[in-house]
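Note that the chains take the letters A, B, C and D in the order they are written out, and that residue 1 is the start of every chain.
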Amino acid sequence: MTGKISLEFPSEYKYLNLVDALCNGIIRDIELDPKTATEIAVSVIEACTNALEHGNKSNPAVNVRVLFMWDKNRFAVEVYDCGEGFDYREYMKNIPDPSDIDHIRGRGIFIMKEMMDSLSFEFSDNEGMKVTLEKVISG
Amino acid sequence: MTGKISLEFPSEYKYLNLVDALCNGIIRDIELDPKTATEIAVSVIEACTNALEHGNKSNPAVNVRVLFMWDKNRFAVEVYDCGEGFDYREYMKNIPDPSDIDHIRGRGIFIMKEMMDSLSFEFSDNEGMKVTLEKVISG
Amino acid sequence: MKYKIREKEGVVLIDLSGKLMGGSDAELFKDCIYDLLEKGRKKIIVNLGKVTWINSAGVGILITGYTTMRKKEGDLKLLNVSEKIKSILYVTKLNLIFDCYEDEEDAIESYS
Amino acid sequence: MKYKIREKEGVVLIDLSGKLMGGSDAELFKDCIYDLLEKGRKKIIVNLGKVTWINSAGVGILITGYTTMRKKEGDLKLLNVSEKIKSILYVTKLNLIFDCYEDEEDAIESYS
């Protein structure tokens, strides 16, 4: 029931459903309830979309790395990109209303925050941008 | 139709079906015929079983890395372990008869050789043991 | 993303299939919507039954279609919304915006 | 790997499920086979219908069961062999060793 596995892929949308395939494989293995499973799968994809799109500017020469880690109480995901990061402290203070249909985008961070138990950002010069998602599970 | 993705996991059997989940995701995406798909999936698992078991001696502190690469003519997989390698030249000269039921094990390399178009081994001090599997596809 | 267009009782059904995410999908869907508007079609049902994969950028694509239609007195409703898509709509409260149907006949009837 | 044992008309059916690979699975299956032999059971059918995942080490586990049974004048036959398992059996010519059945009744009848 304890495990970790990491995936690395070029910054192109077409890899997102492979991330999803792996994530669903893990979720199936640890037999999460359907709601928790959906919330994790959706959030992982949002984090990876941001990493490849905003972080790596969809540059296929640069990789996104995803690290999945789980034990019987906790499912955690770290998503790394090679971008310059962004002012997440400021952004988190004032997340746009996701039901406002005048905005086509801007729902990813809101969704992750709602669906996971913890969402955190960290930027460092050697690791680049790192987003950490965590969810309490009962495995 | 061109792509590459890499996966890294601790040397434990329980991760093999996650390798399989990712491999099947890729295969589904590039729409291989069922026979080719099965042959690739079976061979990848044999290579990973060897890497974790013989290469890394099932030591969970050491990782196996799998790199999938494909374009419209070719599907290639590289499997890396941190072991000391083995005398593959000698082994390949005299692969045991897989239908001999006096042997319980010893069919992995035979299966990979039969199912793939190319199977090669390479040992280097910095990369460790690397097994490369290739198959011609028509995507 | 791929799509096919059908028409039934004056209602246009867009059968989406494959992945619905950021990137080129957004342009493709926008063009489809403008094309329908040009032909005077304003009663739209988007069938998501064969969408295998979606993210919030994909939902954004549906919002573009919805707002474009509404500005021209048209409407855009959703059919066969998977549990995953529903979870995104509910958490963002977009379920209050989009009419969702499970049955094609019901969806078509809602326009009459 | 998990298994359940059933008996029908003097034949033992082992319903395997989950993953069948190297490691602890080999011991588990060997113990099961020795246990059956001790009870005098020698007509074995291994149902692979719920095996989600297998490798050549897993096939090795079936070989152990087969040779152990044969040495005691018993037999071990396979039921519900997936395409993937078939591909491994064919390429290694182990299909010539194992009797495979698609139908439970047929498999049981083959022992009478």
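The working rule: contacts are C-beta pairs under 8 Å (C-beta built on N, C-alpha and C of every residue); 3 or more make two chains touch, one makes a residue touch a chain.
Computed from a predicted model, the values in this text were never measured in an experiment.
Colleague: Go through the assembly and pull out the chains touching subunit A as well as subunit C.
Modeller: Of all the chains present, none is in contact with both subunit A and subunit C.
Colleague: Quick one: which chain's Cα centre is the longest way from subunit B's?
Modeller: Here the answer is chain C, farthest from subunit B.
Colleague: On a C-alpha centroid basis, what's the spacing between subunit C and subunit D, in Å?
Modeller: Those two chain centres are 50 Å apart.
Colleague: Go ahead and note the Å separation of the Cα centroids belonging to subunit B and subunit D.
Modeller: It comes to 26 Å between the two C-alpha centres.
Colleague: Give, as an integer number of Å, the spacing between the C-alpha centres of subunit D and subunit A.
Modeller: Here subunit A and subunit D have centroids separated by 43 Å.
Colleague: Taking each residue of subunit B in turn, which ones touch at least two of the other chains?
Modeller: Residues 17, 20 of subunit B touch two or more partner chains.
Colleague: What are all the chain pairs that meet the touch criterion?
Modeller: Listed in label order, the chain pairs in contact are A-B, A-C, B-D.
Colleague: Would you mind writing out the residues of subunit B in touch with subunit A in their complex?
Modeller: Touch residues, subunit B against subunit A: 3-10, 14-15, 17-18, 20-22, 24-26, 28-29.
Colleague: Across the complex, what residues on subunit D touch subunit B?
Modeller: Going through subunit D, the ones touching subunit B are 19, 21-23, 26, 52-53, 55-57, 59-61, 63-64, 66-67, 83-84, 87-88, 91-94, 96-97.
Colleague: Which positions of subunit A touch subunit C when the two form their complex?
Modeller: Interface residues on subunit A, with respect to subunit C: 13, 16-17, 20, 34-35, 38-39, 41-42, 45-46, 49, 53, 58, 98-99, 101-102, 104-105, 107-108, 110-111, 114-115.
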